[in-house]
Structure formats: structure tokens, C-alpha cells
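Below, chain A partners chain B and then partners chain C, in two separate complexes.
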Partner chain A sequence: MNTISPFETVLRGIAITLVILFFMFPIFWIVLMSFQTNATILQVPPSIFFEPTLQNYRGLITGQLVTDTSSLEIRFMSNLFNSLFLSTASVAVGLMLGVPAAYAFARLKFRGSEDIAFTLLSFRFAPPLLVLLPLTIYFQQLGLANTYGGLIWVYQLIVLPLILWIVRGYFEDIPADIEYAYRIAGHRWWTTFRKIALPLAGPGIAAAALLAFIFAWNNFVFALVLASADKQPVTVGALAFITASGVQYGQIAAGIILSIAPTFALALYAQRYLVEGLSLGAVKG
Partner chain B sequence: MYDKENKLIDSFTAGKISRRELLRGLGAMGLSTSVAAVLVNASATRALAQNGFNWKAHEGTTVRLLLNQHPYTDALIANLENFKALTGMNVEYDVFPEDVYFDKVTATLSSGSSEYDAFMTGAYMTWTYGPAGWVEDLNEWIMDDTKTNPDYNWEDVLEGVRKSCAWSGVPGAAIGSDDAKQWCIPMAYEQNNLTYNKRIFDANGLSVPTNIDELLDTAAAAKAVMGGGYGIGVRGSRSWATIHPGFLSGYANFGQTDLTVGSDGMLSAAMNTAVSKEYHAKWVKMIQDSGAPDWSTHTWYQVGTDVGAGKSAMMFDADILGYFMNGGDNAEAGNLAFSGFAANPEASAATPNIWIWSMSMSRFSQNKDATWYFMQWVTGPEHDLFGAREMDLVNPARSSVWADEMFRNKLSASYPGYVEMHDASAPGASIKFTPQPLFFDLTTEWAEAMQKMVANEIPVDEGLDMLAESVNRQLAEAGLH
Partner chain C sequence: MTLALEKIVKAFKKDVVLDGVSLSVGRGETLVLFGPSGAGKTVLLRLIAGVIEPDAGTIMIKGRDMEGVEPEDRGIGMAFQNFALFPHMDATENIAAPLTARNMNKTAITETVGKIARMLKIDHVLHHKPKELSNGQKQRTALARALAGEPDILLLDDPLRNVDAKLRFEMRLELPRLLKDQNATVIYVTQDYKEAMALGDRIAVMNARGIEQTGTPEEIYLTPANIEIARLFGDPVINLLDVSPVQVEGGVFITLSGVPVNIDAGYSDMVGRDCIIGIRPEAIRFVEEGSAEAIPLTIEAETPLNEKTVTLGLTQNGREIMVSRPAGTPGPSQGTGYIVIDANHIHLFDRATGKRIVPVKTQAAGSQGVAP
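Moving on, here comes the complex of A and B:
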């Protein structure tokens, strides 16, 4: 029986609207800014009425940043590609290494397993700058400096512990008896892993991959230190709009919209996996 | 390619035709102004190639540069083909945004990387890089006639600017002393002076202030007529960069220093003298009465943007920040004017503290002589003149460029008072800090103390005494007090 009064329903509607407005307003304002020139953005007082322009998006896509005093070549689209490539490749490598490892830590008991798992997690504890300087030296000696391969490798510091520890929890949630039953039916260990464990842990793996992608996407310092300008991700490239001769607010806003688009689209697509996966982890026990 | 154009330019260089005739001729040949400017400079480069110096000594060598995203870098890149033609060398470069630029430099140098041969830097940074052994003392190359071309004319670089890039490495030793090491070579620099909105000043009968008391009064009067805006923009974030522009320039004008050096070479804090306290009190009151409401977050960007947008009536900051804000699509473009500012009524001229964008050579470079070829070109009179005339390489570091009529006319036409401001201030322009290894820590703490004073969390007297005590303690811990 529904006991909610119409008045309460209205109040709830207002409360939900206020919450949505509170969280969405900055995004809404950034979208508006992305269609304005610097002059209209900086006018006092600010106004939501203006003549929209596509010049910010045009500048980003054509690679020409028009500053207050000059025209400057920028690499925003190249930065965007770098972010996409580095994040996708890192997560792919992380999944290939992390999912079997997570399964092993969840199902197999071997000497030092907890120590190894904790060591992998500890990669997340160390401040990146602490490991970056020694890494720079090693990378130069190994010829990995300023290569995509080197960056994807070092990105494993971000994605691998995340994938390993999240997915391990999901594997542990799956009753081992299901797998034993399947193996008693004559299937090999690899088939059991592929046909039983992986599908059951699918939502968890999707959630871990999405979170790892977001963490990799937001990383800033690894490429900055280890690679040259042509391999920088969008997090570093976006700073190009803050110049000595002025801050290009319109282009920053357009850059934000373009740079959150891939993760936003991915999150929308994977939303049901994400919610399901995270919930599974939450009710463990 | 460009044969006809080159002949026309050579005629201009030889004085046979005027600049107007030259540009008209190049325009008729379908060249844009920017391409024409580079071609004009190509003529100067050809002249440089005839000076008897073996410019081709490192032909085929590649030099790698680490550059900050800046108008000075734009000028460098625009003229780079001329350097390549002159030397037969190749130049590769990485440009990083300023927000992360020094992180990249520090990481590169501290790891001993040989990836970059030379890089842009500020003079303050070399107080860390030099003693750490990350950069070369460039005197070795400057003084070597076999490695430096006869037209380089090192003495042409403004004395205060040139010496500000040199330090012996001994904490407290004066910059530019006889035993100083030349850690960097200036490309261009900025003085800290007044940039004011002439439209607002004229409309409200305001006069340009000439000392600290007038500055307080004018800022207050401007705020009263600004509506939603404020009177004066100065930096306020918790950073060393809050201390070094307008604040320190005015402070130095009263003969005040950050530290004193004892006869034994030991350093002591000097921020809590009576004169210093009085100056601090006025500065704090100015911000409280007429500064930005969110002053404590203001950096270069906010101070400049606000004066360009008409939110503030004036700023006491880098002159080139005003130069940039007086152009482009800023709401107040064309309305800004410039004035030298001597805070002390007793002083005869301004004594601006300066920031210098310069080039340093990495100690880990594998091609040092070739790198010097690039460095002497990019800091030489020919490129400096090109950058100043045709690009935004302002303020150029060379006196010969400041004497160039074409450059002066360009400035005077669009930036009222700029040339006069520069000429009056340049003799007193230099770095006013005491060079020492704790520079960034101590000046950041100074800015933090200033924030507390402005927020009325602590009285000025007491705040400066506490600051001095803390500075002395840190110096003592470092064995410098």
C-alpha cells in the first residue's frame, strides 16, 4: 500500500531537482562557457544570454589556439588520442595480467600468496614522484623512455593493483563448488576458468576495468616525466590553455567537454555492469 | 624559392628601399606579414653568416630543447629555420605548459637525463640547478673567441639582467660578482611596474600614483568608482611568486632586503625592521581596502585577466603582463597604460625586481659546443631584434634592441608610456632577493605570513617578528645563520 502523500511526493521531487541542479550546474556552466568567447565569459556580471560560437571547438580540432596576442599551435586532439590509446592499452594489458592473477590469489593457496598480493597493492601506496625519478633512469638505460610501450608498462602501477584486488573479491564471491562440479564433469581447469569463473565474475571485471580506465585517464605525472610533448595525455595537454598572455577559459571548457566525453560514454554504456559489479562486491560475506 | 623576395629584402637591408616599400613589395608577391618578417630576418641571418665565424662547425648535429609555452618560445620557433640555414644544424624541441614546465625540468635534470641539451629557465631556479651541478657555467663558452661569434656582444645585454643570471653559488654572495658563474643567458625579462586603465583613470579624474601613499589613496578612490570591480591587483597566493613582483619592487625601493649578510658570511632575516614593518602595514591595508576580494588566490593569471577585463583599475605586477592584456580580445585592450613606480617618495627612480626567461645548458648534454651555437644565436642581437620587432619578445634583454627606433615606435604606438617606463626603470632593475638555497621555502612562508596579516589573523608587527624568527631558525638548520 502506498502511504506517500501527494505533498511528500512534491517535496521529494523538489529535493531531487535541487540535488540534480547542485551536481549538474558546474557541468551546465562549463557547457555554456564552451560556446562563448573569453570576452563574454569574463564580462561583469556574468550572463547566460550570449551569441554562441563554435570557435573554441574549432580551435581544438584544427590545433590552432588563438590567444590574446598571438596564434599558437596546440596538440589537443593528439593529447586526446594519447589518453585514449594509453588508457585502453593499459587496461587491456592490466586485464590480461590481472584477471588470471586475481583468480590465482582467490582460488589457489600457495606460499607467499598474501605477501605477493599485498606487494602489488603497495604500488598504489607509493607517491608517484618517489618512484618516477629512479624509473626515469632505468627507462633511459632500457630504451623505454619516451615510448608508448614504456608508458603502458608504467601505467600498470595504476591499473594492475586495482584490477587485481577488485576482481579477486569477485572470484572469491563465486562458490567454488560450481567450479568443482564443472571439473568433475570432466572439464579442464582452463575451460572451467573460461566458461564458469569468467562469466560469473563478468560484472566485477567490467567494473574494475572501468574504474581502472578512469584512473588511467586521469593520470598526469607519469607521461609528464617519462615522455616528450608528443606523447602527453589530455590531462597535461589541457594546461596549454593557461598561457602567460592569458587564460583561454572558453577553450578550457571545450577541452573539458571533449575530454570527459569518452569516459562519460564508457560509463553510460557500462553503467549496469558497474552498479551490479560494485553491489556484488558490497554484499560480500 | 623566394629569390625575388630575397633580392627585395637585401635592398632593404642595404638601405636602398624603405620598410614600407619592402612590405608593400612583399605583399604584392603574396607573402603574409609573418612570413615576410621571417624572410626579412633571413637577410640579417645571411649577414651574420659573413662575420668570419665558422657557423657550420657543427653541421648535421641535432640539439634538443625543452621549452616553456610562452610568446618568447613562439618567437624562437618562428625564427628557427634561419638558425638551421645558418648552421646546418637540426633543432628539435618539446614545449610544455608553464603550469608543469618546471616539474618537467626538475625531473629531467635530477635524473641526469641527457634528453635535452638546453632549456628555458628563470634565474631563481638556477640557484638550485647551479649548485646541484645540473647546469653549466656558461662563462667557459662566452669568453672563448673560438666558440662565440664576434657579433655576439655580451656586454650589450643589460647589466642588471646579465648579472642577475650569474651567482657564485655561495649563499648570500651578491649576484653578478666577479667570481660568479653564468648559469643562464637572458632572452627577455619583465620588470614590475604599474599598469593602469587609462579609460577609468581619465573618466574619474584619477592621477597616476608616484609613491606608496598615493598608491593606497588612488586604489581606494578607484575602487569607489569601480562598481563591482576593485582598485588594484596584486598577487596573493601562498607562493614565492606573490613576493617577487610588485611587493618586492616597492620593498627594495625603501632600501629593504630579505636577508642581511654578516661579516662572517652568515645570513639573517631582515623582514622585521621598522621600515619594513611600515611598508608591510601599508601594503596589507591596500589589499584590505582596495584589493581583490579573493586576493589570497590571485596569481599572475587572475591579476592579469582582471585588469584586462576591466575588473581592476590597475595592477602592480609585470609590465609584460600589462603588455599582453592590452591586446587581443580583452575588453580593455587599448585602454591600458604604463608607468614606472617608485614606492619610496625619497627615491629618484623605480627599482623593479625582475623575472628573466633565459636559456641554460644541461650539464648532461652530449653536444655542449653545438648547444652553445644555438644558445648564442637565440640570445644574440639578431634574434633578439627579430623577436622584439616582429613578435612579442618583450622586454628584450639587449640595450641595442631598446635603442632600435622601429621597436620603440611599435611600442609607443600601442602601449602608451611603456618605453618611458622601461627606460626610467631599467637602470635600477635587477633581482632584489638574496641568492641562497632556501629561496623558495622562505619566500613561500613570507607569502603565507602576508595572507595571515591581510586576513587579520595576526598583526603586521607580530607577524613579521614571527616570520623573521622562523626564517632564522631554518637558516640555522641549514648552517647559514
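Moving on, here comes the complex of A and C:
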């Protein structure tokens, strides 16, 4: 390690502070907004001194959007539940399908394996809207439109390639000899997969699952087109804040805070695994 | 035969690694597969273990064809060159892997693991994860894991390659006894000829063309099938000199430093042909000046090793000859020395093919002619 001069340390501190300010300020501002009424938010010049109110949060949780002129019903809490359910279920399905597939692509060389893997990845290249139009028609004919099952299925377009390609890399990093050794010791293929491959790729699978969850959570366009009000996640549900009588900035801010909370908590909790997972390749056991 | 391979062919894409290799190993026998890297030794072990399938040929274990038999059903123990320990399990769990596969109960597993660990002197690190083990301990853990299931066939893939010289020396002494105790059929892969000689009941010498010679360590050392094998075994390396034998009354001779050296009369077929003579450095000894048949050498360098002294000399026409003698025995360190060669330890190779010429047994063979 090079020794760092005090001057450099100070410069670094300033640089990091600037970066953090740049990225964190909007979030900080949203937090502030979520405790203000529309009136204080829209005053010019803006001020960070105001009388905090919980009315935005109360409105969201009770489902009664109270504006200056009217009272409107919103289903933010059910949207939040939809987001949670859709993302969790999508990731669970994605893991069940993606992890064994990733193992197959990593370990078995079969005809066209690279092509299939690439095709799956290519789902991420196509603009979602391009897929959505025909999909909408199919879904309506198949009766999948506006169902959780249909949405979870479509979410696989986001989740599956991500899990497949990340986890495949982790499986490939496990020396094949370690698995051979377990087989030769007398264990079946399936036992070897469970006791050797899965635990060793564990951090990678956790990292992939977390990323997939965040991507699924943030998805907007699939749910916008394929789901109606009762199945919509928060990303789509937030549109309800733009009302005829104006944009409810305070409630939007509170909604944002509530909707980033789960992913934020999950990321904090899984950070350890993420870092471990992403650096696993460098320090092989 | 516990293990029999017949005409095994294996290619990776267009690269043919094994082309018609046959091999058989008897019950309780230790066969050493010796050869340079890239000869296909590891591939052969993997074929036996069943983690890869041959393109052609049959593998029989205890008389049963192994085609389509999964690795876990072959009754094999294997120690990998890179150890291949399970990084997320401690040494105990690693060693116990073949036992858990049989649903053995916990106490029996603990007992068996403890016994093997004591034998291999790793009982104090049983609760350590592989990354907390030294290379030597890893190697012993891998070996213990291979032994734990008491397999009929034990495949050891250069297990001493990644350990330090001191441990390698110790293990070279310990392993033969350990393997004999197991009473398993062992295939041991190595690139170290000393290891091969120390451990093998038989040695199969492999190169890119396949198995070149199979025999006891003595056979390989004393009657190498070709120049390449002669060169691979022995330290210092065998002296190899271009010669053309001549027939003189009284026998067949070659000339070194102008002095005719009598060789086996059975080599008379090779008279006048281009040959290479191979003389082990320890088959040459220094004698006093003026002794009969003494060949003068200009001494270039003397290298004292621990148990022997190696002298490099030049013949009159500048060809290098190495002489090895036990440390502490007299010999010249500079100037001119005189040597005689033990005629029984001379090998003659055909220069064109590299193959060893087997002397034709004649009545004269063995009797020493007199230089004219």
C-alpha cells in the first residue's frame, strides 16, 4: 500500500462528500417532501424549515387521498402488496427455473447450449414495448391478462436471464474436480448438486436473486399494460397521484419512501452476501 | 485382474490424447503411470474414475464392463492433484464424504475418520476448513478422503506434486506401507522418476504416443525400451554417445578416447551401423592411470551432491561423459582421469529409431574379450 499524504486524504474526503451529496440529495429532498403538504412543497423559494406533517403517510395507509378540493380513494397499500408479491414470486420462480438451467449451461456441453443461453439473454435486449403489443393479445386470448400468474410469467423476461447468466458464472467458477471428487466418493448427481454446487454458488445465487428482485420491483411497463388496478404494483399505482385537480407531490414522495423501503432493507441485509458473492471469483477456496 | 483397460481411445475435439491404450493391474498391485505432462496420465485416471467416457475401448473393473456405470458406482477412491477438497466443509466432513454416501451412522463415521486422520497425522486439524490447512495437510486430507471408503481401486493423481520437498520425501517413504496396508489396487500418477521407482510394483511409462514400456522399476531402469525412457530415469542422466560398433577378432568394440571398449558380442548385428550407446553414470568408475582398458578423460567439473559426487569429463574428441560415484570415494577433481566402464551396464540404441537393441544371446556373450 502506498502511504497517502494528509492533503490527499482531505481531497478524497471532499470528492467523496460531493459525490454523496450529488446522489443522496434528491432522496433527502424526497424524504423532506414526504412530510410536507403540497402548499409548503410548492412555495417559492423552497425552504427546509417547515412544520412536518404525517398527513401524506396517513392518506396512503388509509387509502383516502385528501386534496384541497376533493377526497379520492387510492389503493396504495394494495399496490405495495402487489409489488411485494409479484417480485417475490417472480424471483422464486426465476430461481427454480434459472438455477438448474444455469448449472446445465455451466457444466454440460450439449448441442446448441451457447445459442440457447444467448437467446435467453437476448430477451433483455429487446425493447419491452416491442414484445408487449403481441403479448397483450395473446394474454387476453389465453385469459392471462390481469392475473398474477400471467404477470409473474412475463416478469421472467426480466428475472430469468439475469439469474441464469449471473449464476452460470458462479457455477463455472467451481472447479469441476470438486464435484467429481464428491461423485467418486459415492454420491449421486443430485446430492452433489445440492451439497456441493448449490452451497458453493450460494453467495452468487443470493446476489442474483437480490438484483432480480430489484429489477422486478422497479418494472413499470409490463404491469402498466398487462394489469388493471387491483393487480398493479406501486410503480404503476403511483400514477394515481397525478389527479385532475393537480399533482400530489407530498403523497408521491411518501409513496416513494414506502416503496423503496423494502428493497432498501433487503439490500442492506444482503449487502454482506452481495460483496462476498461479487468477490468470490477472486478468492477461490 | 482387478482393472483392465483395452484399446482405450480418447480425443478432445481433434486432439487425440489416448490412442489405443491397454493396461491391466492385478489385485493389491501398485502401478505407477509415469510420464511427462501432456501424456494423458490424468485423462486415463479420469476415464477409470468414470468422470469422462472413452471414445472407444473397454474399461473392466473386477470383470465388469464399466460402460455407462456412474462414478459413484465404481468403487473407486481418488486423490486429485489439486486436492479438490470441498471448501465449505471442514477436514472431518471432507474425509467422511465416502462414508456419508453409505449412510453410515455418526459414531462409526467419527471413529473411521479419526483412525485415518491419526494414521496420516492430521487428527489435530480435523475441524479446520481447507483454506486453513497447509498444503501438506490438504494433501493428507485429500489422501485420507480417498482412503476412507476403503475402495478396491485407488487412483492417486500426482498427490505429492504440490507439496514441499521435505514432505514429499517423507511421504515417499510412508506411502508404500500405507498403500500395502490398504490392500487396494493402486494407480499412481507421477512425473518424478524417484517416486515412480520408490512406489511402483510396476511402472508404465507413458508419452504422447501411449504406453511405451511396462515393467518393474528394475526392468525399466536396467533395460529401458528406448532412449527416451533411458533418459527419463536416473539422475544424473544417462550418458548417450554416438558410436558405430566395430567387429574385431575377440568381440564387438566401440571406441572412446581412442580406447576400444568391448561390448556384448550379441550386438554383432549392429556392427558398422549408426548407434547410440547409453552408459549410466554409476556404471563408470575411476581407476589408476595405466590400468588395463582405462579411458582417459579431461576433468571439467566436479559436483559434490549429498550422497554422491558427479564428475563431468571430456573424451579426447570432446564428448561429455558424466561419472557418478558414492561421496567420499576417491576420484580426480581436475586434470586427467581414467575410467573403465562396466560392460554389463552398457545399452545400445538404434540411432534411427531410438529403440534399445537387445543383444542376441550367444555363447560368447558375457565373456570378456581382450582389446587388440
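Throughout what follows, the second predicted complex is superposed on the first by the 260 of 285 C-alpha atoms of A that agree within 3 Å, B and C clash if a C-alpha of one lies under 4 Å from a C-alpha of the other, contacts with A are read in each partner's own complex, and residues count from 1 in each chain.
We take it that a contact is a pair of C-beta atoms (placed from the backbone, for glycine too) under 8 Å apart; a residue touches a chain by one contact, two chains touch by 3 or more.
Worth saying up front: this structure is predicted, and the values here are computed from it rather than measured.
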Touched partner set for A:L200, first chain B, second chain C, both or neither: second
Which of chain B and chain C A:A229 touches, first, second, both or neither: first
Chain B versus chain C as contact partner of A:Y182, first or second or both or neither: second
Comparison of chain B and chain C by chain A residues contacted: B
First (chain B), second (chain C), both or neither touched by A:R111: neither
First, second, both or neither for A:L133, with chain B first and chain C second: first
Touched partner set for A:T37, first chain B, second chain C, both or neither: first
Overlap of chain C and chain B interfaces on chain A (superposed complexes): none
Interfacial residue positions of chain B with respect to chain A in the complex: 69-71, 74, 94-100, 103-104, 107-108, 110-115, 227-229, 300-301, 304-305, 308-311, 320-321, 324-325, 327-331, 333, 391-392
Contact footprint of chain A on chain C as seen in their complex: 46, 49-51, 70-72, 74, 76-78, 80, 82, 84-88, 97-98, 100-102, 129-131, 145, 149
Chain A residues touching chain C - in the complex, by the definition given at the top: 175-178, 180-189, 191, 196, 199-200, 284-285
Parts of chain A lying in touch with chain B, wherever the complex brings them together: 37-39, 42-45, 67-70, 72, 132-133, 136-137, 140, 145-146, 221, 224-225, 228-230, 232, 236, 239-240, 242-247
